[in-house]
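Dropping the structures in below, format is C-alpha cells.
Paired with chain B in one complex and with chain C in the other, chain A is shared by the two complexes that follow.
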Partner chain A sequence: MTEIFDPEFFSSIARLTTPILLAALGGSICHRAGIFNIGLEGFILLGAFMAVLGSFYANSAFVGALTAVVGGLFLSIIFAEFHLRRKGDPIVISIAINILALGLSTYLLRSIFKVSGVFSHSEIEKIPHIQLPIIENVKILNLLINDQSILFYLSIVIVFILHYFLKYHKFGLWIRVVGENPEVLKSSGINPVRIKFLVLLLCGLLCGLAGAQLSISNVGLFVENMSAGRGWIAVVAVLLCGGRPIPLFLLIILFGLVDSLSLRIQGLGLPQQITELLPYIVCLAVLIIVSYKKLRTFSRIIY
Partner chain B sequence: MKISLRDITIDYDNLRAIDDLSLEFHEGKIHALVGENGAGKSSLMSVLYGLNLNYSGKILFNDKEIFWSSPKDAIQHGIGMVHQHFMLIDELSVLENIILGYELDDALGFINFAKIQTEIKALLKLYDINLNLSELVTNLSVAQKQMVEIIKLLYRNAKVLILDEPTAVLTPNETEMFFKTLRNFRLEKKIIILITHKIDEVMSISDHVSILRNGKLINSSKLKQTTKKKIEEQIVGKKLPKLNVRRGIIDEQKILEVNSLRLSTRFSHSQPIDLFIKQGEILGIAGVSGNGQNELIESILGVRKVLSGSIEYLQEDITHKSTRYRRIKGISFIPQDRRKDGLAIKSKVWENVITINLSDQKFSIGPFVKKKSIKNYANQLINEYSIKVDNPNSSVLTMSGGNMQKLVVARELSNNFPLIIIENPTWGIDVGSIAFIHQKILDIKAKGAAILLVSNELDEIEVLADSAVVMYEGNISKRITKDIKFRENIASKMLSGVHFTENING
Partner chain C sequence: MKSKEILKILRPTIEIFYAFFSIFILIFLLLYLSDANFSLAFKGFINSSIGGRNNAYLFSTFSKMALISGMAIAALVAFRGGLFNIGGEGQLVVGGFACAFTGLLVSDFGFIGILISIISGMLVGATWALLSGFLTVYMGVPLLVGSLLLNYPARFITSYLVSHPFRDVQSGLPQTFLLSKNIWLPYFPNTRLDLGILIIFFVYVICLIIFYYTKHGYHSKNMGHSLSYVKLSGLPTKKIVFKTMALSGAIAGIVGSIAVLGIHHRFTDGMLVQPLYAWTGVIAALLVNLNLWFVPLAGFFFAAIYTGAAGMERIAQVPKEIATVIQAVIILFVVGKLGSLTNLSSSKGDKDD
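What follows is the complex of A and B.
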C-alpha cells in the first residue's frame, strides 16, 4: 500500500486536476448561460500550444500564459461568430472547434518548430511554483497543495469567486437568467447576446489558462493532441454538476484522485489499458448515481 | 400624463400588422384593448414597450415625441409590461426575478440584497400584498406569479402598465383580487392598458375601450357610450351567430364508464372516481384548474397509469390498453395546450390533419402517405372550419391561436368518433372563434357523440353541458343536472369545496 500512497501520489493530484478544473470552470459559466459548449478539448489544446509558443519565443512564462489566453479567446470569438451571430448549432460548432484546434496545433507545430510529435526545448520557461511556508509543518497539506504552480492556487480562488459571483453579482444573475430564458432578459432591457458573448470570452480565457497549465507548468513541452480527453472529462463534470462551481470542484478533485491512483497502480503490474479506464469508470458510476436520483424523483410523477 | 400613438404602421415580411393607427391613453384610466387573435394588439404594445423598433409613426409623451432604442428606454420612461407568457425564471427566487435589470449594486457590481429587500417589503406593505421574497418562483401559484410581475413593474416605478391577457390563467376569485389591485393603481393616476378576450371583464373594470380588427382601429370610446353586444360585433366584424342548441336525444347506452378510479400522483388519496357518459351527452367537469382534471383525462387516454379501478369504453375494459389502442378504437382528444399537445407546430398543416388517422386506407399505401388525398382532405377541413391559413403547405406556426385551435378541433371532430374528450377548448382565443367552436361541439353531440368537457369557464359549461360534476382536490361531486339553477349549483360546489364524501353518481 505504501508504494501507492507515496508523496508523489499526493502532489500529482493537484497537478492532474488543475487543467481540468480551469477548463470546467469556463464550461460551467457557458452551461449556466445556456451555451452548450463541448469544445473545451479544443480550447485546452490550442491554449497549450500557444503557451509553448509564447514561452519559447519570449522566454517568459507570463507571456506564455498570455498567448495561451489569446488562443482561447480566438476560439471563443469563432464560437461566438458562428453561434451567436450566425445562429449555428453549438454542438456542430464545438466539434468543428475540436477538430480545428487539433489540426491547427499539429500544423503549426510542424511548420514553426519543424518537428512532429513532440516539441521540447530548454528555453521554454515554466510557470513558477509557490512554496507556502505556513503549511510546511502540516504534513498532509504540505504534500497535497504545497509547491504547486501559480495557476493551481488561482483556479481554487476562481472556484469561490465564481460561486459568489453567480449568486450575488448582477452579471452573475444575468448569466443565470440568460441560460433559463433569454427573452426575460431582453424584456428587462438587457441584450442577451452581449451577455453570452462575454461569457464565451471568459470561457476562452479560463480554457487558455488550462492549456498553459498543461504544457508549461510542470513539463515545458508540447505533444500533439496533448489535451488527451481532459476537455471531455471537464464537459462531463460540468453537466453532472449543472454548472455549479463548488460541486464541480469536488467532483474534479475526485477525478484527479482516481487519475493519479490509476498512474500509481500501474506500478503494481496491472495492464495499462485497465488502469487508464479508471477515471472513465468513475465518470460512469457518478452518472449512474445522478441519473438514478433523477429517475426516482420523476417516476413519482409520470410512469 | 398622456401617451399618444400617432399614425403607427407596422409591416412584417408581407403582412401589414398595424395599419395607420392612432390612439391615446390617459392617466387614472383603465383602457381595454380588445380584438381577435392576430388583430394587432400585441404588435401595437410591443412598439410602445420598445420591443419592436421597425415601425413608422410617432410615440408622444405629453405631446412630446420620444424614441426608444430598447425596452430599457421605455422602462426608464415609466412603461411596464406584463406579458401573456410570464417573463419569470422558475429557478430563481421572487426577489431575484423582481430586481432583474434594475439591481442596486456596489462599485464592484455586487448586488445589495439587504437594501433591496427592505424597499420591496415596503412596496408589498403599501399595496397589501403577501409574498415570500426568498421563495423560488417555481413553487408559486399562477396568481402569485402574476403578482410578482406586477411588483416587478412597481419596483421599476412604472406609471404605465400594459397587461397582456392578465386574467387568462386566473380563477374567478383571483381575478377579483387582481382587479382590486388594478383599481388601486387607477386611484394613483397610473395609465393601465388591459389587453383581454373576456368582454365581461371589459364591462366590469375598464373606463375606455378600443377595438382592433385586422390591424385597424375600429372604434375607441368611453365604456359608457357602448354596449357588450356592440363591442362583440365590432371585434368579429359581423353579428355573432346565436348558438343553435339542439337537445339531441340522449341514448341510454353508456359510451364511457369509469369505476372507482384512483389517480396516480398527488391525488392518490382522494375518493375513487365514478362517472359515465351516455351517447349524445356532454358531461362537463367544472372546477379550478389543477384539481385533478388533467390527471383524470390522462388516465382515460392511457397516458398515465392508474392505481386501481377500471375504465370501460363501449363495454370493453380498456384500463390497461395503450393510448394508441384507445385512439384507434375511437377516442378523440382536444387538449388545452394546442401548441404543445395538440399540434406539431413546426410541421405543415396537411401533416397535422392526419396525425390521428394515418393508417387510414384513404391516406396511405403501406408505409407511404398519399400526399394528394391528404392535401385535399386538409383543404376540405380548412373550408369547413373557415380556418385562416395560406394553404395546406404552410407551417402551423404561421397561424394565430384561434386558427390553430380550429385546426385541432377540425381534426378531432371530423372522424365521427364515439367519444370526445375536450379540455378548455376556447382558452385564450377570441369571441368569434369561441362561438364557432362551441357550435361545432354542439353539432357533433347532436350526431350522437359522447363528450367529456373539462372547462375552467363556468359560462362554457353552462352553455354546452347537459350535466356537470365539479372536481376539487381530486374528488368528484355528485352529478348536477341541467335546470334553472344549473350555474348556481355548480358555482356553489366550486366555492364550498363540496361535500366530497358522497360517492353517488347520477
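What follows is the complex of A and C.
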C-alpha cells in the first residue's frame, strides 16, 4: 500500500485534475447557455499544440499560454460561425471540430517541427510552479496543493468565481436565461446570439488554458492526440452536474484521483492498457449510477 | 426590390462558391506551411487517388471506399432511427479482433472459415452495440455519451489482448499471428483489390431492402422522425432500439472483418483506430444527409481524399493528415443545411433565431 500512496501520488492528483477541470468549466458555461458543446476534446488538443508552439518559438511560458488561448478562441469562432450564424447542429459541429483539431495539430506538428509522434525540446519553457510558504507546515496540504503550476490555483479560483458569477452577477443571469428561454432575453432588448458568442469565446479561452496545462506545465512536450479522451470525460462531468461549477469541481477531483491512482498501480506490474482503462470505467460507472437515479428527468428520452 | 430578389436567387450559388473558396484558401495555406511544391503535390494527389500503374492506386481507393462506406452505412442505420450511435469505432475494433481471433482457429476450412470469422466479427460488433443500447434503454444513459465512452474500453481491451495473451511475439509488434492464406479474402483477377467491396455492396443492398421493404425499416424511420408518435402507436420501442443498434454494430463488425481478412490479414493494435474509419463514416453519412442511396459516392469521395493525401505525402512530403482537415472543413460547410439530428441537441435554447 505504501508503494501507491507516496508523496508523488498526492501531488499528481492536482496535476491531472487541472486540465479536465478547466475544460469542464468551459463546457459548463456552454451547457448553461444551452449550447451542447461536446467538442472539448478538440479544443484541448489544439490548445496543447499551440502552447508548445508558442513556448518553443518565444521561449516563454506566458506566450505559450497566450497562443494556447488563441488556439481555443480560433475553434470557438469556428463553432460560433457555423452554429450561431449558419444554424448547424451543435453535435455535428463538435464532431467536426474534434476531427479538425486532431488533423490540424498532427499536420502542423509534422510540417512545422518535421517530426511525427512526439515533439519535445529543451527550449520549451514550462509554466512556473508556485511555492506557498504558509501551508508548508501542514503536511497533507503541502503534499496536495503546494508546488503546483499557476494554472492549478487559477482553475480553483475560477470555480468559485464562476459559481458566484452564474448565481449573482447580471451577465451570469443572462447566460442562464439564454439557456432556459432566449425569448425572454430578446424581449428585454438583449441579443441572445451575442451572449452565446461571448460564452463560446469564454469556453475557448478556458479550454485553451487546459491544453496549456496538459502540454507545457509539467512535461514540456506534445504527443499526437495528446488529449486522449480527457475532453470526453469533461463532457460527461458537465452533463452529470448540469453545468453547476461546485459539484463539477468535486466530481472532477474524483476523476483526477482515479487518474493518478491508475498511474500509480501501473508501477505494481499491471499491464498499461488495463490501468489506462480505469478512468473510463469509473466515468462510465458514475454516469450509469447518476442516470439510473434520474432516469425520468435526466435523459429526457425514454424508450 | 428587384436586386433583392436577384440576390435571393443567387444566394445558394454564392454560398457554394464561398465554401469552395474557403476550402481552397485553407489547402493553399496548409501546403504553404509545409513548404510543398504545389504542382508536384497536385499531381501526386490526382495520380495516387485515381491513377497509378495498372490503376493500382485506383484499386487501393476502392478498398478504402469499401471500409468508409461500410462505416457510413453502420452510422446511417442508427442515425436514421434517431439513435446517435457514435461508438462505431469500438464496434469496429472488437469486431475486427473477434474476426482475427476466430480466423486463427478456423484457418483450415477455407471458404467456410471466412464465413465463420465474418459472422463472429458481426456477432461481437453487434453485442458491443447492444451494450450501449442496453445502457440507454434501461439505465437512461444518453446514447451519444454512452456509445462514445464504450470506445475506450474496446480500444484498450483489444490492445491488451494483442499485446499480451494473443501476441505474435516474433513479429515484434503488438499484433496477432498472420492468418493462413486459406482464409484471406480472394482478390479480383489480376488486381490487388480484395472481394471486401462486394461484401459491402451486399450489405448496402440488404440495408436498402430493410429500409424500404420491411416493417422494421419503416418503424425505425418513424422513430427517427418522432419517438412519441411511435410510442403512442403502441409499437415496441425498446425492441426497435435493440434491433437498430444490433444492425448498426453488426455492420461495423463486418467492416472490421473485411479489414482483417482482406487487407491486413492480422489484427494490429491501432490499425482500425488510427485511420479514423469510424469518424470518416459518420461524416460521410452526414454529408449525404442520411440518404442511403448516395453513400457509395460519399465513400468514394472520402477514400479518394485519403489515398490522394497519402500520395501527396510520398511525392511532395505533405503530411497526409491534410485529408482529415479537409474532411472536417467540408462537413462544417454542409452542416447548416442539415436538420437537427437528436432530441438531445435540440433540447433547450435552440429555439431562438
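We adopt the following convention: the second predicted complex is superposed on the first by the 294 of 303 C-alpha atoms of A that agree within 3 Å, B and C clash if a C-alpha of one lies under 4 Å from a C-alpha of the other, contacts with A are read in each partner's own complex, and residues count from 1 in each chain.
Methods note: a residue touches a chain if its C-beta (ideal position, glycine included) is under 8 Å from a C-beta of that chain, and two chains touch if they have at least 3 such contacts.
Treat the numbers as computed from the prediction; the structure is a model and nothing was measured.
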| item | value |
| --- | --- |
| Side-by-side fit of chain B and chain C on chain A, or clash | fit |
| First (chain B), second (chain C), both or neither touched by A:Ser187 | first |
| Angle at the Cα centre of chain A, taken between the Cα centres of chain B and chain C once the superposition is applied, in steps of 10 degrees | 80 |
| First, second, both or neither for A:Arg176, with chain B first and chain C second | first |
| Contacts of A:Tyr168 with chain B and chain C, given as first, second, both or neither | first |
| First (chain B), second (chain C), both or neither touched by A:Pro245 | neither |
| First, second, both or neither for A:Ile281, with chain B first and chain C second | second |
| More chain A residues in contact - chain B or chain C | C |
| Touching partner for A:Gly208 - first (chain B), second (chain C), both, neither | neither |
| Lowest C-alpha to C-alpha distance for chain C against chain B (Å) | 5 |
| Chain B and chain C footprints on chain A, overlapping residues | 180-181, 183, 186, 300-303 |
| Residues on chain A engaged by chain C in the complex (per definition of touch) | 33-36, 38, 78, 82, 86-93, 95-100, 102-104, 106-108, 110-112, 116, 178-183, 186, 192-193, 229, 232, 235-236, 239, 271, 273-274, 276-277, 280-281, 283-284, 287-288, 291-292, 294-296, 298-303 |
| Of all residues in chain A, those that touch chain B in their complex | 164, 168-171, 173-174, 176-177, 180-181, 183-191, 300-303 |
| Residues of chain B that touch chain A when the two form their complex | 49-51, 70-75, 81, 83, 87-92, 96, 99-103, 105, 108-111, 113, 264-265, 303-305 |
| Complex interface listing, chain C residues touching chain A | 30, 33-35, 84, 86, 135-137, 139-142, 144-146, 148-150, 152-153, 156-157, 159-160, 163-164, 227, 237-238, 241, 276, 279, 282-283, 286, 318-319, 321-325, 327-329, 331-332, 335-336, 338-345, 347-352 |
